[in-house]
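Structure, as structure tokens:
Labels A, B, C, D, E and F are assigned to the chains in the order they are written; within every chain, residues are numbered from 1.
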Amino acid sequence: MSHSKTFLIISRRPPYGSSHARDALDTALTTAVFEQPVAMLFQGDGVLQLLKGQEPAAVRQKNLGATLSALPMYDIENLYACADALAQRGLTQDDLILPVQPLDRAGIAALIRNHDVVLNF
Amino acid sequence: MNFSLLVYAAPHSRQAAETAYRFAVAALAQGHGIHRVFFYGDGVHNGSALASPPQDECDLPARWQALAKEHELDLVVCIAAAVRRGVLDANEARRYEKPGHNLREGFELSGLGQLAEAAIHSDRLITFGA
Amino acid sequence: MTLHTLNRPPSDRALLDDCIAALVADDTLLLLEDGVYCALAGLELPAGVRCVALAADVAARGIGDRLATGIEVVDDIGFVELCCHHSRVASWF
Amino acid sequence: MNFSLLVYAAPHSRQAAETAYRFAVAALAQGHGIHRVFFYGDGVHNGSALASPPQDECDLPARWQALAKEHELDLVVCIAAAVRRGVLDANEARRYEKPGHNLREGFELSGLGQLAEAAIHSDRLITFGA
Amino acid sequence: MSHSKTFLIISRRPPYGSSHARDALDTALTTAVFEQPVAMLFQGDGVLQLLKGQEPAAVRQKNLGATLSALPMYDIENLYACADALAQRGLTQDDLILPVQPLDRAGIAALIRNHDVVLNF
Amino acid sequence: MTLHTLNRPPSDRALLDDCIAALVADDTLLLLEDGVYCALAGLELPAGVRCVALAADVAARGIGDRLATGIEVVDDIGFVELCCHHSRVASWF
């Protein structure tokens, strides 16, 4: 398709404290609905969005983790996380709500280079 | 005890506005007084009459308004911060020759001096920032 | 006696450092919003400083089982009481 | 070259909105096209019809409007982000039964799909964030 | 006066990128007009507000440094800066638009303890 | 070839680190808004990465005489040209 581009959404903020994480997710879902290939990279505090056991009812917000776990159903299957960010926070795959591919620095640089559009949140 | 609150964050964009609201509810439930809630910076958007969040999301401007009505709270929006950001009452709309106004009933626009006054006349001032 | 609130994650190292530097004995540090992530690692606080985290924010972020030892959890009522029991509140954000 | 801009910051609160505007002016001056400016998050406040900054400050909503008129720019405000934050056009004001609307002439509310479409059909998408 | 309190305004953000620095300054000036004793502490990136030679016309903002240099005229004479923040950025008194007292960690902690109201921006 | 923009000061160390980690040869890093303060200290960038700062922001903050060696200053026109000469723009904020 001439009118197709590959999108990379980089989500760097923790959930709930600000609307960045929700906006990144909504952008990814909308872009997928437009049938564009979408990858998501969780970096920095963004990996905290992936933690199991979120219960945000007490802060009157929707469960971001629950929406994230539905990403594969929207054909967003290329999910990456910064390996350093996970390690710094002592997180392993068992702590996360869905499988993500850990990437090192070189892997992240290559990921950016391999996408047409990069959107940071 | 007599509290004043400084709310320096907008609803939706930052959690701090919701935290401030919960604090106000908890303080009133324990029998404390709230001398004033002062909305500054992006916090002025708590006073929007037009905010229309989805039904399953928290409508903070409406909640502040209801809480103020129940407890006769003084909800003051910094006038200088508000007019820059497009939050106007009828007076300011006239002054700036704007076609409408959007400050919610129960809130009032006033100067930054009301923050100083609140700090002076309250036992504690608590900032909810972003 | 000052109650300090902090609402930013530990990746905002400059803010956390300045906040910790301002703590003295009998002060309390209340972690709230994204600040509760500071409770994951142990914080090096001066002697006599209490550290608490806001319950709603701990639950929202799914970190109830991961808090460092010595960090208490308080609810909104506890937050109000802390404000009463300290002479001033400084908010770090 | 054909640019699209994503503006994710409100005027006054963050400098990024002003940087985006300067970028648009510079790009147009060099003969480039601007396919769309998409306002998301707190950026929706760039579309306020009521913002009334002091005369010696930059009135970004008015400047965007004038630039759009001169160059026939497509200024799209994310509808979901806008209605939450109290930026409504006449249609949304009716839908939510609000007494007024405050989206500035020259801007239009539309879905997040317009951001994806802009990215697809522009040579470059540049984000101005906060 | 029974109705008098001492105010400490802590200004931690750099100028121009956000409205925090301007809001801190406006709060200090207004509080002084209310004839309350006001001190200001510049901490972290806030010390960058004090740099000489600011020319913000190109970003369409007012000169914050010029307003700051007028603080003593408003009887705001207790101006402090975090000594570490100045040193980390290689700044000395000669680089600054007005004299400020450098404070170490203990000095900052004491400053907070000695004021009734602390406002962070 | 990616143009990276960064608009936060170096005290946001986590952001700066992630941004620098993403740079590869032939990329350009454009410092703007509060990001121009990153030009005060020398940044350790990978070989073949150009670093520029936006003129209006450098002037606003009074740091024109303090930029580390090797950092070029570009105006708004230069910013637009950089966008043209790179295949994508990634914004770090």
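Everything that follows uses one rule, which is that a contact is a pair of C-beta atoms (placed from the backbone, for glycine too) under 8 Å apart; a residue touches a chain by one contact, two chains touch by 3 or more.
None of these values were measured; they are calculated from a predicted model.
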Partner chains that chain B and chain D have in common: A, E
Steps needed, at minimum, to go from chain A to chain C via contacts: 1
Chains in simultaneous contact with chain B and chain E: C, D
Of all other chains, the one whose Cα centre sits farthest from chain F: B
Label of the chain whose CA centroid is most distant from the centroid of chain A: E
Mean-CA-position distance for chain D and chain A (Å): 26
Interchain centroid distance [CA atoms averaged], chain E/chain F, Å: 28
For chain A paired with chain E, centre-to-centre distance based on mean C-alpha positions, whole Å: 39
Residue list for chain D, restricted to those that touch at least two other chains: 8, 12-13, 15, 19, 41, 57, 125, 127, 129-130
Junction residues of chain E - those touching two or more other chains: 16-19, 44-45, 59, 61, 117, 120
Junction residues of chain C, two or more chains touched: 7, 11, 14, 33-34, 56, 88-89, 91, 93
Full enumeration of touching chain pairs: A-B, A-C, A-D, A-F, B-C, B-D, B-E, C-E, C-F, D-E, D-F, E-F
Chain A to chain B touching residues, read off their complex: 16-19, 59-62
Chain C contact footprint on chain A (complex, rising order): 14-18, 44-45, 48, 51-56, 58-59, 61, 65, 89-90
Footprint of chain D on chain F - complex, ascending: 5, 7, 32-34, 54, 56, 75-77, 79-81, 83-84, 88-89, 91, 93
Parts of chain C lying in touch with chain A, wherever the complex brings them together: 7-9, 11, 33-34, 37, 40, 55-57, 59-65
Chain A residues within the chain D interface of the complex: 3-5, 7, 19-20, 23, 26-27, 30-31, 33-34, 36, 117, 119-121
